[in-house]
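Following this line, the structures themselves.
In the two complexes that follow, chain A is the common piece, with chain B as its partner first and chain C second.
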Partner chain A sequence: MLEIKDVSKKYGSAVAVNSVSLRIERGEFFCILGPSGCGKTTLLRMIAGFERPSSGRIRLEDTDITDIPPYQRDVNTVFQNYALFPHYSVFDNIAYGLRAKKCPAAEISDRVEQAIALVGLSDLATRMPAQLSGGQQQRVALARALINRPKLLLLDEPLSALDKKISEQMRYELADLQAKTGITFIYVTHNQAEAMTMAHRVVVMNNGCVEQCASPTELYQRPATRFAAEFVGSMNFFDGTIEPMGGDTDTFGILLEGQAHIRRRGQADGKPGRSVVFGIRPEQLRVSLLEPKEYENGLFGQITRHVFMGDATQLQIHLQNGKLIEVKVPNYLLAGDLVMALEANEQVWVIWSQGSGVVLYDV
Partner chain B sequence: MAGNLSRSNDLRVGQGLFLKISTALCVLFLLAPLVVLIVYSFNASRQVTVWGGFSLKWYVEAFLDRDLWTAIRNSMLVAGISATLSTILGTMTALALGRYTFRGRSLCTGLLYVPVIMPEIILGIALLALFVMLDLPRGFVSVLCGHITFSFPFVALLILARVKSLDRTMEEASLDLGASPWHTFCHVLLPALAPSIVSGLLFSFTISLDNFVVTFFTTGPQLTTLPMKVYSMVKFGLTPVVNVISTLLILFTGITLMAITWMQQDGARRRLGMRLGLALAAILGISFVVSLVSEARQTNLVIGTWAGYMDPSLMDDFESQTGIHVILTYFNDGEEMLAKASFGNPGFDLIIPAAYAVETLRELDLLAPFDFERIPNIEHIDPRFRHLPFDPSGQYYIPYTYGVTGLAYNSEKIKEPVDSWRILWDPRYQDRIAMFDDMLETFHLAHRLLGYDMKDADPAHLDAAYELLLQQKPLLRKYESNLVNDMLLREEIYFGQNWNGNALRLIADHPQFKFVIPKEGSLMFADNICLLKTAPNPDAAHLFIDFLLQPENTARNIQTIQYAMPNPDACLLLPQELRENMVLFPPLGDMSNLQILPDYGTFLPKINERWVRLKSE
Partner chain C sequence: MMSRNPRRMLARIGELQVLLVPPALWLLLFFLIPVAVILAFSFTKTNGQGGILLDFTMEHFKRALDPLYLKLLGRSAMYAGLSTLISAAMALPAACFIAFSPPKRQKLLLFLVFLPLWTNLLVRLFSFVVILSDGGLLNQALQTFSLTTEPLHLLNTPFAVILGFIYWNLPYMIPPIFVSLDRMNVSLIEASMDLGAGRMTTFRKIILPQAAPGIAAGLVLCFIPALGCFIIPDILGGPDTMMIGNLITSQFGQGRNWPFGSALSSLLMLLVMLAITLYLRFFNPATQSANGKR
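Showing the complex of A and B:
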């Protein structure tokens, strides 16, 4: 469907996008995720045609669109600030694209009615953009882009200007809309929750480069890089070394921070002595006053901070080896204000299963 | 609730009595001049500042003044076209500077400020020099270029500010939706810029409409704009006609603004505004077309003169007799006439200089002699005026008007006979005396009273004259030239130096005032018609002068402009009360007692030095 091949964008000596290659399939809800300045918007603007790549090609289906101006591409965009035309009513805004292409008037009004109904704004057709709420403007922007039946719809952080409740509700609506229309969506965001809830596939970008491109589940469970792991959710990292094989072939050993020995299920992807990073998410850890079982890993430490977050409690634990880690404990057992009656300064075991966590080799 | 909150947060300056009073004062200062202006347009009196009852006669006079309407038409045309072109050019400039990066962009932006900051007079002179160098005939096109030069940077800067604040994603959205760049420009960029484009248009229209300085330097004889016409009218005494024009302009501006405001509203108001706007545009359009068509004809004869110094109905008659169209164009003072007549190819046929200017023009070799064979009506001219000192040959001038400086006084206040200038030195009338604010008039009078002739250029005489004037100064109310009539009428003064033509206008309405030429004699002016060497159409000029000198025509001219002309045969045709009017036709005798102001040449700076000293004492 869309093929981005070795695309780079340089502004003087600054590199905004560095040799990115991606394939996006027809009907896919594809998400570009990254912090601000990672090049995701530049990449989107190159797909839309507002910027020309410094090198590389972009193909849409069988056409090379790298040098085609935006108004001749079968691609439409929903802008971050919506970019509605303030001097046109909702109806005229939505009809803009069809009018520019000189559609017959009867067809325009039919298609605009449909598009307005699709986004649920039938009562507001005669309003001006200034009279609409943020969420309503968002829908107008969507209808305005979708009415052209593009092969590809680009969305540039469309929910970032909305308040939390509406933005969460819009996530599901967007996902439904995408499923209903079958149009390929490319969605740019810095919000990992949006990416996780809506996308079929997510690409994580950093400093103009692709860090990882995978489904949300895989991205979360098997992040390929430390950056991807940290950006999607959070993770505790330990520097480690692979230990020589023991008797047991189901697991291998890692020496964390040169002190603690842990076991990890599976086969080591490297020779003993290789440096790795071991990462484990806070919610994969639990705390206990009891020592770990033999099929578990455990580190001993002291609770130093204690933050109640409603659904869970975030604990900061000062490990014996001096490292600070985060543990997220679901609040299924509350005694007074404390999770399982754990208090600050209490000495606890931090325990996890031998199957949990990721081992990152390329560090 | 929100309102209350925000109010308690402000500085509480919106509530005090002080604010109300200062607001009222601001409004008063803003509007008071306009109200006075409008009220005095209905003044029956000729004086601009003295109320003489309600009358519409100045409206009638204004409506009948063909030159005035030509000037208004010219101004509207120049302002309309230059504002339109400036706006187009300014919009393009603003887009170029605001949207594209190119080498020298900041230089270009900086250059935009040059015409804005630079004194207009420098711009005017620079443009004149350029046009002369390019040999571009001065007239409509040059004025238009001048106006665009100073008004388009304003528009560009205004729109540039808007362009810079504009969100580019709006245009990207349009391109993204499949609209071509041109469609985007028309349907997204232009509407977004519309408010600043409209205000740029209005702004450049206004500054072009009331521009004087640049027009002054770039115009030619065929084009007089309203500000130039008004300024030129002021020279011959402000009449309420000026108020009438101003009132009409205020009305026009008001209606235009109302139409624009209504057009931005909804419903019935909008339709009304549209109709109003269309009606205005239609009226303007039709009057432009009519006046342009009526002017786009045949041979022209261009006469440079003062406003109101020739009966316009004579031009119509001359035109219907000969098919030659006469264009009157106005100067503001003798210096301007000299400058314009000598600069490049001025385009005038005839000009009407004062006596001293004839001398100067001859010295500059700018005049052509008349061929009196072709002017048989020259025989009607008073022989005393045929060989005046500034051109004893009499070949280079046709006497036009004359007048005398005399003494105007209020006969209700002064019972004793007035026959000597010495009464202006009488301490009994302290603070009731005015002298002209004019160094030549005052020093000439002082020389004359001492029995000297200023033409001798004797510094000792000059010092004596200075002493005499210094003696008089504590008795004076003021040195004043233009408002002598008003001061007399308000009884601020009982005596004043005055020109007979000026006094005539006062006495016609207020017979308690008298005018005398004191026995010591006085200064006299004689304005003359001269033919320029560069005249494009000397044949028409000769024809016109012969026409003008016909006694019937001269008589009509005298009645209209109320100046004496040395044409005894014409005087015989005047109504008796005018013919025998001692103010209009003061007894000249053998004219030995009267001196025509000569060119004092190198003595002038010395007189000026004493004059400045006198005024600053």
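Showing the complex of A and C:
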């Protein structure tokens, strides 16, 4: 439905967006995720028409919209600060798009009523924006954009200005709204939790480039790059080398940090001797006083820090080879106030299954 | 935070009122008393030698309502009004451009707007004489390029006076409009275009209402001084461009008729106050800007 092809945006010598290609399907809730300055907002502004790409094309369905001004695109935006017109009432704000398109007055009032009801603001139609709370302003901004029945709705960090509780509640409302209207959403955020909870697919951007574009599960389970792995959740990384084939064909060996041998289920994606990065998430690790079984991997170390986080305890473990790693242990294992009754400075095995973790080849 | 204790709060307000004493004294001494004196003078008789007789009369007000003088007043309002409107029309795009410029250029442009105020108005007006006179720079240029054969008679015409007013007004018109636009959130313009409104509609429905409080302030700041101005018609105008300000000046000067001058001044003041009251009634910048904030 939307095809972004080789789009770049340069400001002088600074490259904000670097040759990005994406394809977004009809009816999709698509998320652009990245840290500030990664180019996600610039990309969104090019889709909206506020910026023109330095190179590359953008197609919406069968039309090339690269050079079409924003007011002729079938695309609407929910702005980060909502950008409600302060001199118009809620009703007039929402009616703005229809009036600009010269809709008949009767149709305008019908559709505005519907849109106001859709976002649950029926009692507030005559209020001015300054008289609304942040959450209410947010809903007006949504209604104002959705009433035009755009092919594409762009949302630029719409929840970042709201309180945590309201913003979490709005996530579900947004997802429901998207499902109900069937409009394709492109949602820009730096908040990975928002991306994970709402999106069908997420693209992770960094320094103007695409790091990975995948479903939230795929992104979390099989991050393609070190950046994607670290930006979504957290991960422990080890430098490694693929070891020569052994007799076992179901697994292959990786030498971590030149010292520890581990086994990994599956086939190696490279010749023995190739450098890789092995990554594993803190919650995929467990700690034990007992040695790992033969079908498990384990590293020995000492607990150097306990961090109580409510639902889990984060342990920092100083491995024998000098490396520090994080292990997240669920708090149902609390005994007294200590997870598994483990004292600080206790020596433990850090253990994971041969199927856990990811091997990153392009390093 | 202010204390919640009402007595202490009152005491605080009392303390703060001390700050009002210097300007209040100043205004009393140099504004209210002179205005009262002028008002009182306008009801006294002349002694025929430039002095006054303390005798009540309405004759000066009756005389002021003579069609001859009303015509003068009408002309003043016309010149001041026309030049103020033209200034506003010129200032609006300029203020937009400055408000939407990057901060560094913004500073430079505002500096340039204020630059004329560094020089005395009289000096600047004489430079207009140099430009506009029959043998002046403009006519020389026009003749050099054979655009005209005869010199255009520009100086001492209503055109020159209105031109002078516009020139005088601009530094007072641009800043208030700039301020109201600078306060505006630029994404309002993007939102308008995003919702399908073209450039003209966006200007009319978003930028203009946001600029309105500034335009309102600019209109007042320019119209009122222009209405009573005498220097500009004096230097750039001719016998046909005499304004109410010139008449008043002459009554206090060569005319030696202070009571009549006072009556004219009082009348002008009354008119201005009436205009401002009406204007605040129908076009209140305070309520406009309350909604105009981000």
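To be clear about the criterion, the second predicted complex is superposed on the first by the 363 of 363 C-alpha atoms of A that agree within 3 Å, B and C clash if a C-alpha of one lies under 4 Å from a C-alpha of the other, contacts with A are read in each partner's own complex, and residues count from 1 in each chain.
Following the convention adopted for this analysis, a residue touches a chain if its C-beta (ideal position, glycine included) is under 8 Å from a C-beta of that chain, and two chains touch if they have at least 3 such contacts.
This one's a predicted model, so the numbers in the text were calculated from it and none came from an experiment.
With the two structures aligned on chain A, chain B clashes with chain C.
Contact with neither chain B nor chain C is seen for A:271 once the two complexes are overlaid on the shared chain.
Of the two partner chains, chain C is the only one that A:128 touches; chain B does not reach it. Residue contacts after overlaying the shared chain place A:180 against neither chain B nor chain C.
Once the two complexes are laid over each other on the shared chain, residue contacts for A:101 go to chain B and to chain C alike. Once the two complexes are overlaid on the shared chain, A:144 sits against chain B and chain C alike. In the superposed pair of complexes, A:164 makes contact with neither chain B nor chain C. Shared-chain residue A:81: touches chain B and chain C both.
Comparing which residues of chain A touch chain B with which touch chain C, the overlap comprises 48-50, 69-72, 75-77, 79-81, 83-87, 96-97, 100-101, 144-145, 148. The touching residues of chain A, when paired with chain C in their complex, are 48-50, 69-72, 75-77, 79-81, 83-87, 96-97, 100-101, 128, 130, 144-145, 148.
Partner chain A is touched in their complex by these residues of chain B: 167, 169-170, 172-181, 183, 187-188, 191-192. Of all residues in chain A, only 48-50, 69-72, 75-77, 79-81, 83-87, 96-97, 100-101, 144-145, 148 touch chain B in the complex they form.
Chain C meets chain A in the complex at residues 185, 187-188, 190-198, 201, 205-206, 209-210, 288, 290-294.
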